[in-house]
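Labels for the chains are A, B, C, D, E and F, by order of writing; each one numbers its residues from 1.
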Amino acid sequence: MTRPSERANDQLRSIEIIRNYTKHAEGSVLVKFGDTHVICTASIEEKVPGFLKGKNQGWVTAEYGMLPRSTGSRMDREAARGKQTGRTQEIQRLIGRSLRAVIDMQKLGERTIHFDCDVIQADGGTRTASITGAYVAMVDAVSTLLAKGLLTESPIKDSVGAISVGVYQGIPVLDLDYIEDSDCDTDMNVVMTGSGGFVEIQGTAEGEPFSRDAMNEMLDLAAKGIAELSKLQQQALAN
Amino acid sequence: MTRPSERANDQLRSIEIIRNYTKHAEGSVLVKFGDTHVICTASIEEKVPGFLKGKNQGWVTAEYGMLPRSTGSRMDREAARGKQTGRTQEIQRLIGRSLRAVIDMQKLGERTIHFDCDVIQADGGTRTASITGAYVAMVDAVSTLLAKGLLTESPIKDSVGAISVGVYQGIPVLDLDYIEDSDCDTDMNVVMTGSGGFVEIQGTAEGEPFSRDAMNEMLDLAAKGIAELSKLQQQALAN
Amino acid sequence: MTRPSERANDQLRSIEIIRNYTKHAEGSVLVKFGDTHVICTASIEEKVPGFLKGKNQGWVTAEYGMLPRSTGSRMDREAARGKQTGRTQEIQRLIGRSLRAVIDMQKLGERTIHFDCDVIQADGGTRTASITGAYVAMVDAVSTLLAKGLLTESPIKDSVGAISVGVYQGIPVLDLDYIEDSDCDTDMNVVMTGSGGFVEIQGTAEGEPFSRDAMNEMLDLAAKGIAELSKLQQQALAN
Amino acid sequence: MTRPSERANDQLRSIEIIRNYTKHAEGSVLVKFGDTHVICTASIEEKVPGFLKGKNQGWVTAEYGMLPRSTGSRMDREAARGKQTGRTQEIQRLIGRSLRAVIDMQKLGERTIHFDCDVIQADGGTRTASITGAYVAMVDAVSTLLAKGLLTESPIKDSVGAISVGVYQGIPVLDLDYIEDSDCDTDMNVVMTGSGGFVEIQGTAEGEPFSRDAMNEMLDLAAKGIAELSKLQQQALAN
Amino acid sequence: MTRPSERANDQLRSIEIIRNYTKHAEGSVLVKFGDTHVICTASIEEKVPGFLKGKNQGWVTAEYGMLPRSTGSRMDREAARGKQTGRTQEIQRLIGRSLRAVIDMQKLGERTIHFDCDVIQADGGTRTASITGAYVAMVDAVSTLLAKGLLTESPIKDSVGAISVGVYQGIPVLDLDYIEDSDCDTDMNVVMTGSGGFVEIQGTAEGEPFSRDAMNEMLDLAAKGIAELSKLQQQALAN
Amino acid sequence: MTRPSERANDQLRSIEIIRNYTKHAEGSVLVKFGDTHVICTASIEEKVPGFLKGKNQGWVTAEYGMLPRSTGSRMDREAARGKQTGRTQEIQRLIGRSLRAVIDMQKLGERTIHFDCDVIQADGGTRTASITGAYVAMVDAVSTLLAKGLLTESPIKDSVGAISVGVYQGIPVLDLDYIEDSDCDTDMNVVMTGSGGFVEIQGTAEGEPFSRDAMNEMLDLAAKGIAELSKLQQQALAN
C-alpha cells in the first residue's frame, strides 16, 4: 500500500508551530499539520467560574470552531445556526481535558486560561493539531504571568501533544489526512504527555471492529509520533 | 484495597435486562447495572434522514437523557434549559456509533431505528448500560420487522455490549459505580462485539496519566466483563 | 354504549401508587392509571427563587415531560428540539398550581419543592395521574424534612387529586383512556382536594359546545372519582 | 362589598369594539374592556399547515402578545428574550381553540386564518377581550372572502365570546379588572357561543378551593355577561 | 414626475403626535407619519445595566417591533420564531443611539429609560417615526422625574428627529412611503437635532450608486423635513 | 494634533491583500489594514435561496465573525452563546449589500456566492477591511466560474471598497485604528465603487452632533482613501 500522500506509514505530515501569530492573546500559535491549520490562543482571565470560587485553584477551558469555508464544501456557521454541533462540543471538551491534565490547578491560582482553537484550513486531524498547538500557547501565556510576577513558579507539570492513528486499507498508519480519514477502518486519537503517559485514547471502528493487535500497533505509532511532536514543541519554545 | 461495594476487582454489578418494559415501542428494555437503571427503547420509522434518501440503506440513531432527579442532587431539565449538554451529546453519539457497528445498513432497508436511552436512576455507568440494553431492544425491534415480513433476514451482524473500567486507588477494576467513578484516576469505557472485536475505546486520565501496562490490564477486565454481558443479553433474548 | 375498555361509565381504570420507586429523590412515586405510567419525584432544595428571597416562605414548582416513545408513535425529544411545547408548559403549570393549593408556603419555610413528572408510558390522563402521584411524593418529601427536624409541623393542608371526565359518544364518562380521549366531544380535567373543594376545572369542547347539564354530570363523576383516588392515596401512604 | 371600580357585581366594564382599526389585515379590531385594549387582526393565508395538506379543510390559529409597557411595570419583550412564556402560549392556544369551535373547517376550504391579539394596554381580562374581539375580526375576514367570491357561504357557525368571573372578597363578580384579579380567591375564564353553549371553562382557586355553589354562581354571571357581549358584537358588525 | 401620493418632492406626509396614548408608561406617544403608526413608550427603571453600576450615570436603550399584521402580508411573530431579525436589531440600535445623543447621562442619574417602539401599522419610515415619537415620550418621562423631585434639572440637551429621503425615479424626495421605498434607487435615513446637528446618516444605494450631488440634495431635503418635525414636536409638547 | 500612529490625517494604514490564503474556497483573501487582519472567503454554491428559485438570477450573501481573542480582551464566542450580536448582524448585512451593489444578479445565474469575513486580529475598521478584501475574493471566485465555462462573461460591474473616516480630537482623519475609534467624536463608514459612486454611508455622532462641513471633509477623505484602495485591489488582482 502507498499512502495518498506518499508518506511512510509511521511518518508525520510536515509540522509547523508559529508563535505570537496574533498580537492580543497572552499565547497565540498558528499550528500546521500539513494542510490543517489552526489558530490556538490562550487568554488569561483573572477569575474562575462560579463553581470554583474561593477554592484556591485555577481553571482551564477550551472552545473550538471551524471557519465555514475551512473545509472542501462550506459548512453552516455555528453562530448563525445558533448552536454548536455535538462534534464541536466533543472536541472542545477533549482539548480542555488534555490541557488540564498537565497543569497544577492549585499552583495556577484563582485564574482561568481560556483556549480558543479555530481551524482556518482543514485536512484531517484538527483536534490533534489543536491540542499540540494549544500546549505551546499555554506555555507562552504562563510566561506572561511569570514575567509580571503574578506567578513565581510555573504550574505546568509536563508537555502534552496529540496525534491520530488509524487502520487505512488494512495497514496501521500515523497522522491521517482527510483522504485517509474519510476511508479508514479505524480512527484513533491519542493524547500523551511529553514523558510518555496516556492522557486520552479515543478509538472508533468506522467499519469492522478492530483487534487487540491492531490497537497495539496503533499505540506504538502514536507514541512515536507524539515523541516527535514533543521535540517540535520544545524547539518552537526555544526560539 | 476493598471496593466500596465489596465487589471483586473483576466483578460486574448485578445485571438485569427486562424486555417489553413499556408497551408502545418496537423494542423496550429496562436495563439495570446495579442501581443504574435505564429505559432503552427502539422505535422503527419507515423513512431515512434526508442525506440518505434514495441510497437503499437504513439508519440508526440514538438519543440519551437523564430524568432530572435520577441523580443525587437534582439536575436542570435539558428541555427546560433549551439545550442538551456537551456530555449528553457525546453519550448519544457514542450509543449511535456502537449500534451502527453491528448492523448492516443495506440489509436494514430504507428505514430508521431510533434509540432512546433514558436514565431513571443513576449510579455510574449509564452509557455502558444504555448500549448494552439498547442492543437487546434492537433485536426485539428487528423481530417485529421479520414477523411482519418487512425483512426476510436479520441485518444484525453481531451483538454489542459495553462496560467501564478504571484505576481506583491504584488498582484496575471493572464496572465502576458512582463512588468509584467520582474518585478514580483513570476511567475507560469499552464497547465490544459479542465475538470480541473492539468498537470503541474511550479512556481518560482523570488524575495522573496512565501507563500502557495499566491500559492492558483494563482492557483485559473489559473483555471479561463484556463477555459476561454478552451471555446475559443472549439469556434475556432466549426467554 | 360500551366503553372500549368495557369499564362502567363511572369506573376508574386500575390505579397503582408505588412509593420509593427511585432512590435519590426525597419523594419518588410510580403512579399507574391503567396503562398510563408516570414517575413523580419531589426534590427538596434549601433555597427559594429570587422573587421570594427574604419573604419567609417556600415555593413549589413542577416540570413535566414525556419519554419520546411513551406514545404510540415516537415524538421528538423536547431537549433535542430545544424547547418545550405549549402543551408541556400548560401541563406543568397546572401541576404546580394544584400542589401549591394544598401547602402552606409560610410553614414550608425558605425552601423549594421541585416536582418532576415524567411519563414513561402514555394512554391518556397523564396530567391527572401526575397530580395524583405528585401529591404522594410531596407527603414523602415533607416526611424527610420532619424526620430531620427541619420542620416540626407538616405544611400540607389537604390532599389533592385529579381526574379527567368527558362526553364520549354522547355519554359522560370518568377517567378517559387514549381511545376515548381521541374521539370525545368534551374533555374536562378536574382537580379537587381530599375534602372536596375545587382547585382547577379545565373543560374544552372538542366538537360541539357542551351544555350546563352535561357539565354538571361530568362534575358529579369527577367528584366521585377523586374521592376514590383520595382513598387510594391514603392507603399508599399508610403502607 | 363595593368593587374597586364601583361596578355592580354582575356589571361588565365599558366595552368598545372598533372595526377596521388598521388598514392591512382582512379583519382588524380594537377591542376595549374598560382599560384593557387589544388589537385583534385576522389574516387570511391561502394555504394550510403541512399536517392538513390535501385534506380539503382549513385551519385557524392564534398568536398573542403584550407590548412590553402595556402593564404597570415594564415586562421583558418576548422577542428579545427569545421565547414566549408559558402564560403566552397557554393564552394563544385558548384563543385558537375558541375560534375553531365556531367555524366549519370544511366550508372554510384550504386556507388559514391567523389571528394576532396584541395587548396595547392591560387592566385584566386580556384573554377574554382577545377572544371577543377576534370573533369580530373573523367575521370581517370571512366577508372579504365572500366578497371576492372565494367562498359562497360563510363557514362561521355561531358567534363566540369570553368573559372572566371570580370570587372577590367572598362575592362572585363579573369581568374582573386588574385590581380584582390580583386579589381574588377564584378566577374563572368562560368561553361561550352566542347560542349559549360552553366552549371552554378554566377555573383556578387562587387561594382557598372553591365550592360547587360558588362555581354555579360564577357560571350564571358568565352566561349573563357573554350574552351582553354577543349583542355588542352583533351591534359592531351591523354598523 | 408625480409622487404616488401626489405630495411635493419636499413635502412630509401628514404628521400626528398624540401624547398619553396608553396609561401605564411614564411617556407614551402614538406617532403617525401618514399611514405609518407607531406606539412609542418611555419607561423609567431606577437602576442601570451591570456595566454602568456605580459610575454615577444613567442609560437609555430602545427596543423595536412590528405587529405581525402591521404590514401588507403577515410577517412571522419574532417572539414565536425565537429571535429578532437583523433588521429589527439594526433599527433598535439606531433608535437607542439617536436618543442617547441628546441626553446627558450624568444628569440623568443612575436610572434607565427603556424605549419601546411598536409599529401597529406600517407604510414606510417606521424607524424615523419611532425616533421622532420617542423623543416626545422621553420629554414626558423626564417630566415625571422632575415632578417627583427625582431630578431637579432636565438632562435633555436638545430635541432629536428623523426622516427618510431618497432618490425616486431619478428625483430626490422627502419622507418616502412604502410604494416609494420599494422602488427607489437610494434610501437615506437622517437623524438630526433640533439645533441642526447630524446624529446619524445612513444612506444605501438600492440600485445604482449615488453621486455626491444627489447626496447633497437629499441632505437639504432632510434638514428641511427635520426642522418641520422639530416644530411639530414642540407643538405637541406645548399642548 | 498628532495621530497616535503618527500617520498624516489623510493617510491609510499599511494595506496588504494576500490572495489564495486558504486552499478550499473559490476565493480566499487575507486582508490587512494595519493590525486589522481579516480572512475573506467567497464560496460558490450552485443554488439560490428559496425566495429566488426560478427567477433566473443569483444571490450574494455575507457572514461576519470575530475570533474570540482577536480583540484586546477576550469576547464570548457567538456560537457558544447561541446567537450573533446586533453588531455582527449589522456588519454582515452591510457587507452583503456592498457586494450586491457591484454584481449583476441576472448575469450571475442561479447560484449563490457566500462570503465569510472572519477577523483574526482586530484594530479598528474590521468592516471596511472585510468589504475591501471580499471584493477581491469575489473576483477570484468568479474567475473559477469563467474558467470552468459556467459563465462566459463576468457579472461584476465595478469594484467596491470601504474605509472609515472620523473626527478625532476635532480633526477629520482617514482610516481610524482602534485607539482613534474608541475616542472619536464622529465615526463614518463609507463604501464606494471604483468609479466613485456611493454605495453606503453610515455616519454616527459618538459625542457631539456633527456639522455639514465636517461631513463634507470626511467624505473628501473617504473618496481619496477608497481610490487608493481601489488601486491596491487592482494590483493584487494583477499578480
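We take it that a contact is a pair of C-beta atoms (placed from the backbone, for glycine too) under 8 Å apart; a residue touches a chain by one contact, two chains touch by 3 or more.
Model, not experiment: these values are computed from the prediction.
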If each step moves to a chain the current one touches, what is the fewest number of steps from chain A to chain D? 3
Which chain has its C-alpha centroid farthest away from the centroid of chain C? F
Using mean C-alpha positions as chain centres, tell me how far chain D is from chain E in Å, no decimals. 33
Per the centroid of Cα atoms for each chain, what is the distance between chain C and chain F, given in Å? 59
Here the gap between chain A and chain B, centre to centre from mean Cα coordinates and rounded to Å, is 28
Per-residue overlap in chain D, given as positions that touch at least 2 other chains: 82-83
In what order do you meet the chains if you trace the ring from chain C in the direction of chain D? C, D, E, F, A, B
Residue numbers on chain A that touch chain B, as the complex places them: 83, 86-87, 89-90, 92-93, 97, 101, 158, 188, 192-193, 195, 197-205, 208-212, 215, 219
Name, in rising order, each residue of chain C that touches chain B in their complex. 22-25, 28, 35, 37, 39, 41, 43, 45, 63, 65, 67-72, 74, 77-80, 82-84, 88, 114, 116, 118, 120-122
